[in-house]
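In this document, chain identifiers A, B, C and D correspond to the written order of the chains, with residue numbering beginning at 1 in each.
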Amino acid sequence: MSGNSFGRLFIVTTFGESHGPALGAVIDGCPPGLPLTEADIQPDLDRRRPGTSRFTTQRQEADQVEILSGVFEGLTTGTPIGLLIRNTDQRSRDYAAIKDKFRPGHADYTYQQKFGLRDYRGGGRSSARETAARVAAGAVARKFLAGRGILIRGYLAQMGDITLSLNDWAAVHENPFFCADPARVPQLEALITQLRRDGDSVGARVNVIASGVPPGLGEPVFDRLDADIAHAMMGINAVKGVEIGAGFDVVTQKGSEHRDEISSAGFLSNRAGGILGGISSGQDIRVSLALKPTSSIRLPGRTVDLHGADTDIVTTGRHDPCVGIRAVPIAEAMLALVLMDHLLRQQAQNAGVASVTPIIPGAVDD
Amino acid sequence: MSGNSFGRLFIVTTFGESHGPALGAVIDGCPPGLPLTEADIQPDLDRRRPGTSRFTTQRQEADQVEILSGVFEGLTTGTPIGLLIRNTDQRSRDYAAIKDKFRPGHADYTYQQKFGLRDYRGGGRSSARETAARVAAGAVARKFLAGRGILIRGYLAQMGDITLSLNDWAAVHENPFFCADPARVPQLEALITQLRRDGDSVGARVNVIASGVPPGLGEPVFDRLDADIAHAMMGINAVKGVEIGAGFDVVTQKGSEHRDEISSAGFLSNRAGGILGGISSGQDIRVSLALKPTSSIRLPGRTVDLHGADTDIVTTGRHDPCVGIRAVPIAEAMLALVLMDHLLRQQAQNAGVASVTPIIPGAVDD
Amino acid sequence: MSGNSFGRLFIVTTFGESHGPALGAVIDGCPPGLPLTEADIQPDLDRRRPGTSRFTTQRQEADQVEILSGVFEGLTTGTPIGLLIRNTDQRSRDYAAIKDKFRPGHADYTYQQKFGLRDYRGGGRSSARETAARVAAGAVARKFLAGRGILIRGYLAQMGDITLSLNDWAAVHENPFFCADPARVPQLEALITQLRRDGDSVGARVNVIASGVPPGLGEPVFDRLDADIAHAMMGINAVKGVEIGAGFDVVTQKGSEHRDEISSAGFLSNRAGGILGGISSGQDIRVSLALKPTSSIRLPGRTVDLHGADTDIVTTGRHDPCVGIRAVPIAEAMLALVLMDHLLRQQAQNAGVASVTPIIPGAVDD
Amino acid sequence: MSGNSFGRLFIVTTFGESHGPALGAVIDGCPPGLPLTEADIQPDLDRRRPGTSRFTTQRQEADQVEILSGVFEGLTTGTPIGLLIRNTDQRSRDYAAIKDKFRPGHADYTYQQKFGLRDYRGGGRSSARETAARVAAGAVARKFLAGRGILIRGYLAQMGDITLSLNDWAAVHENPFFCADPARVPQLEALITQLRRDGDSVGARVNVIASGVPPGLGEPVFDRLDADIAHAMMGINAVKGVEIGAGFDVVTQKGSEHRDEISSAGFLSNRAGGILGGISSGQDIRVSLALKPTSSIRLPGRTVDLHGADTDIVTTGRHDPCVGIRAVPIAEAMLALVLMDHLLRQQAQNAGVASVTPIIPGAVDD
């Protein structure tokens, strides 16, 4: 119950199930005067949309967004922006066979235990389909942030054993894997093909970077920028790990090695990932996530039914062999929501009486 | 500004600077009727307290907690519990030399950029000393949870290159490193001694486990249990990475390998770390954090002063060579706060009309 | 910006403008297992709906609600309930004449000052039409509360100089004025007819009563039940005053006269209006509101235009001569939302260790 | 449980019981750089303080405030401001006689029903003594607002049948009644003397006015400025009614009579009380409250004991015969907290892209 809103000042509330009539989001707190039409939102939805390549789920959804409110004569009015996406290709019959069983590794079991009942069609609200609403809301934040010079970009950094470099940002939009290392795309294709054949799935790592972020965003102690990013990222379906900057590599680093030294020209490195003490430093913000392999696979597994009796399960619906791929636009959207919220919070502080002027230029080493 | 409260129903607000008059916390939302005295809180504070061994900072603080409100005749009343810890051993003169400079890797720079001024004495509120207030509040949550059979325990899992097993929970309290692998303690001592000699510091990994957690805690979509844990953990000073269950290992796992199969006797493994779809499954909750090496080290580093001019800096105050050590009770406290909050939230749902009964026993494989 | 959500655990977010594509609400926090269909909501919308009699606005709106999510096989699932109401009878041309002027007594001016732009069609989001979304959400809360024996009813207590008694609850649904004093209905009709002729409007008083409320709802200090009711009621368009129980009559009362004495059979009077110290006592909760006359009237008034130049204004659109009439179902809905939220909050406390048993039966004197 | 915090961006959390060790407040969200010492807060506490005249309770409390955090070198730092007020004159023995009985009209009964136990000494947290913490926090807000030209002032407008004019703001500080109608002070003295003799109490009306408030504060729909004021005021102990502007007089007003016409020189009247559509108009904000007579009186009354058995009660502790008197500084503090919060929220919006310029000068008719 509850928990479906995100943010303090730029508040996004999502609703909708995978196989219900519609998905949607309400954005409360968007500043007035932002030019906004459906055409600003649709491209991000299209990037996340299923059915666009043979490497993701074959469900066909147009994911057409309709703006229901909050925009007048092409400008946001400062009132809530209602966004609606109708579901069109629900094949609920796919789920009849598993309605009384729990897929291992899936939220089936915990939803049943929490709520006492569940919408078993496509996972209901636990489906990654819910993230379409987040992506739609994130597109609004991204448009606002772009006007402030803040750019948020993600890419697939690893799939299974295949590690992928950040060689070419432009390439990310030219393959269905959000891969910035175009020479590796055939390897990715081969792996997905093999997984489909095996009826199995695999995990992935996604990196997201925000550049142009001003220093000063983030609120110590609990609402730190890194804490809010971790909250946002761990809240994406299938994410099991989050890193900022050097991440888990810090465990073996010395202090003299980890710290980013500073010169009048800017920071000399960025192991911190752009955040110190929970507050943005002006350097690029660097985030990395680990996504588990989807649990909806064709290989049979042991499980129980609604009555706790032992049984086996096979999932034959349309699923992504690697949910990490389509997580790229979702992670971008969530990072945008966090930054948008903290930008507004920092603006509130600027009601203050202290004068804040930049001390050094932004990062030199990103 | 703001951001110093944690939780939705069990709300903890902390205040206080490292070198100000006092630290404290207000707990709003503790159920009435819980037996509570200072003696329930002091042991956790003593575990986090500085100056207890030569392997952590030499600052001497009694960290005596006083309950100011919310308890009557030995029982909580349901009203806010005010907790006060006076500072006693502030040696602010240590900081005169660095008041106009920014320690690389420290929050000095970002606080200055955010607020336009800062309490430079010991890092002010960015000091890990603030976490004493969290530990005090966490002790109240832990007492309540213990009454429900929920046990939260942490240990040091790695320091630099030294990896540490979970061999013996009892040993954790018998060495100053929260180490459950007692044979390795001499290695840890040697490493700290070397770091002190070098004027350097090192990172660490801490693991925290909650057992006895009922299924059903956590709120999809944004306030998922794992998302709230990530928020809590990334909000601890120096943390740069958070994992739930298999964490970043999922990147290379297959779906058939990662999923925890289920039998009528319980789950057959726990790679999920006790959370599926953001909701507790009844298995142990397993969390792992990476803590960076402290940035306050004696080795000189390049930085700038308040005016942006290039300079060098050396930090000679009393600091932990490995902040990860004392992070163990802090991580336990934060996990307790998350679970306490979600326990109350789930109780609110039980106002509902759906009947929720357990389907399988808890974990069998933990 | 923001501020369009209501509640802490049963959270209602509304969106939509008077002349935009649609209105709607998202309910986050409805317990699972509640039987719910559109037919549970539509009757309350029909009671608030415009165009049903010649005594309110002549705008014709079907106000058909669609449930977009959160219900599966006829039961709520514990996930957000999306509610959609399409606008159908927007006659925006009515507003062309006043788009650059501010109606005195209307939100035109303050919206313009706050946001720098505004949707001038029918007041945009400041229109009472927005309350349709609140009524829809309130209907869900009312259904849940009814299952707990909590009944919420309102009536028109005064229109202009015509004071109206609570003689007959059943009569409320049998006249277009929500009047429980049927003999006075012709007087009300005559007054409205006269106001239409004059192009003027008039204020009203509405009373709302909740019975069957258990003792113990409400959270001292700030989130008191009466404080939250005041917040809810003053947030209804046109409300300028709120009273609980004896209300402003307390100013001249003595303590010996005001206090409700108690016997083993229950309270002996109910001047408190069912709330003591911000917490429900188990007696009926009694609330009274004052609604100002609508500012959209045909009589010309002095005002300024967008550039601050003096001008006159006449409003010729379709408006209620007494907005207080249709406020009855809105006030009922808002009271339902407050009680629903506090019921869930109190349920969360019952995770506590204190045993709470009723001391006396409910009210005897209501 | 919970509910002891106020505000969204300028968040005040209070703690403490009437007869516990201390009261206090934590302010989270005060902008950095505000000059602040205890001397800024103490005068407001002294105005609310008991024992200063023979017309209020004879309890003697120094109410000395200590700033525990959030201020460095005389300036706020943007971190939480901890405020502590030790209790010194608790005479808990006064309460032994009534510990097992419920005072009619008092929160005794509802606290017991809510929490299952209660601190019966002086009402515990339901005591008006808790408001000292609010006044302390309000003083910080008032100082900030004063720097923006916003002035908040209250006065006693009625006590029992004695109505009091606003003749002279300066007089308010020169009598113990906060009376702006100095000729009436002897009447007030006589009434209090008579009430003390009779062992009875009486109600009161308090008016509070904020001037210098910029247009644009307040968030439609739910977090309207008037709704938040109503919430704040109804949350003050003993308040049973709240009015904005013309208040309940609107019930009999015509639209042509109520609306405040506008000219290029400003508004021509202020029946709205400075708020239209939930947003400040730039005119004076006018609020009026009704406070019930205190229920702690010497005249015996019927009640029940903890076991529900019939009994009588007499309250002999030290109490105010008219709690409305000392409510004046409390109401000022609460209005300051509301305005401070909305000022910061509006500042957040100014991150927006719409240009907002004032259209007319402020009020001309206040």
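Structure notes:
Everything that follows uses one rule, which is that a residue touches a chain if its C-beta (ideal position, glycine included) is under 8 Å from a C-beta of that chain, and two chains touch if they have at least 3 such contacts.
If you want to know which protein each chain is, UniProt gives these names: A, B, C, D = Chorismate synthase.
Note that the structure is a prediction, hence the values are computed from the model and not measured.
The set of chains touching chain A and also touching chain C is given as B, D.
With centres defined by CA atoms alone, the chain at the far end from chain C is B.
Centroid to centroid, with C-alpha atoms defining each point, chain B and chain C lie 45 Å apart. For the pair chain B and chain D, the distance between C-alpha centroids works out to 38 Å. Spacing of chain C relative to chain D, judged by their CA centroids, is 26 angstrom. Looking at chain C, residues 1-5, 9, 14, 31-33, 75, 78-79, 114-117, 125, 220, 344-345, 348-349, 352, 354-355 sit in touch with two or more other chains. Interface of chain A with chain D (complex): residues 8-9, 31-34, 75, 78-79, 147, 220, 343-345, 347-355. Put simply, chain B touches chain A in their complex at residues 1-6, 14, 102-107, 109-117, 125-126, 130, 158-161, 195, 200-205, 215-224, 226-235, 237, 239-264, 268, 272-273, 275-282, 290-295, 297, 299, 301-304, 306-310, 345-346, 348-349, 352, 354-356, 358-360. Within the complex formed with chain A, the residues of chain C that make contact are 1-5, 9-11, 13-17, 20-24, 26, 28-33, 66-70, 72, 75, 77-82, 84, 114-119, 121, 124-125, 344.
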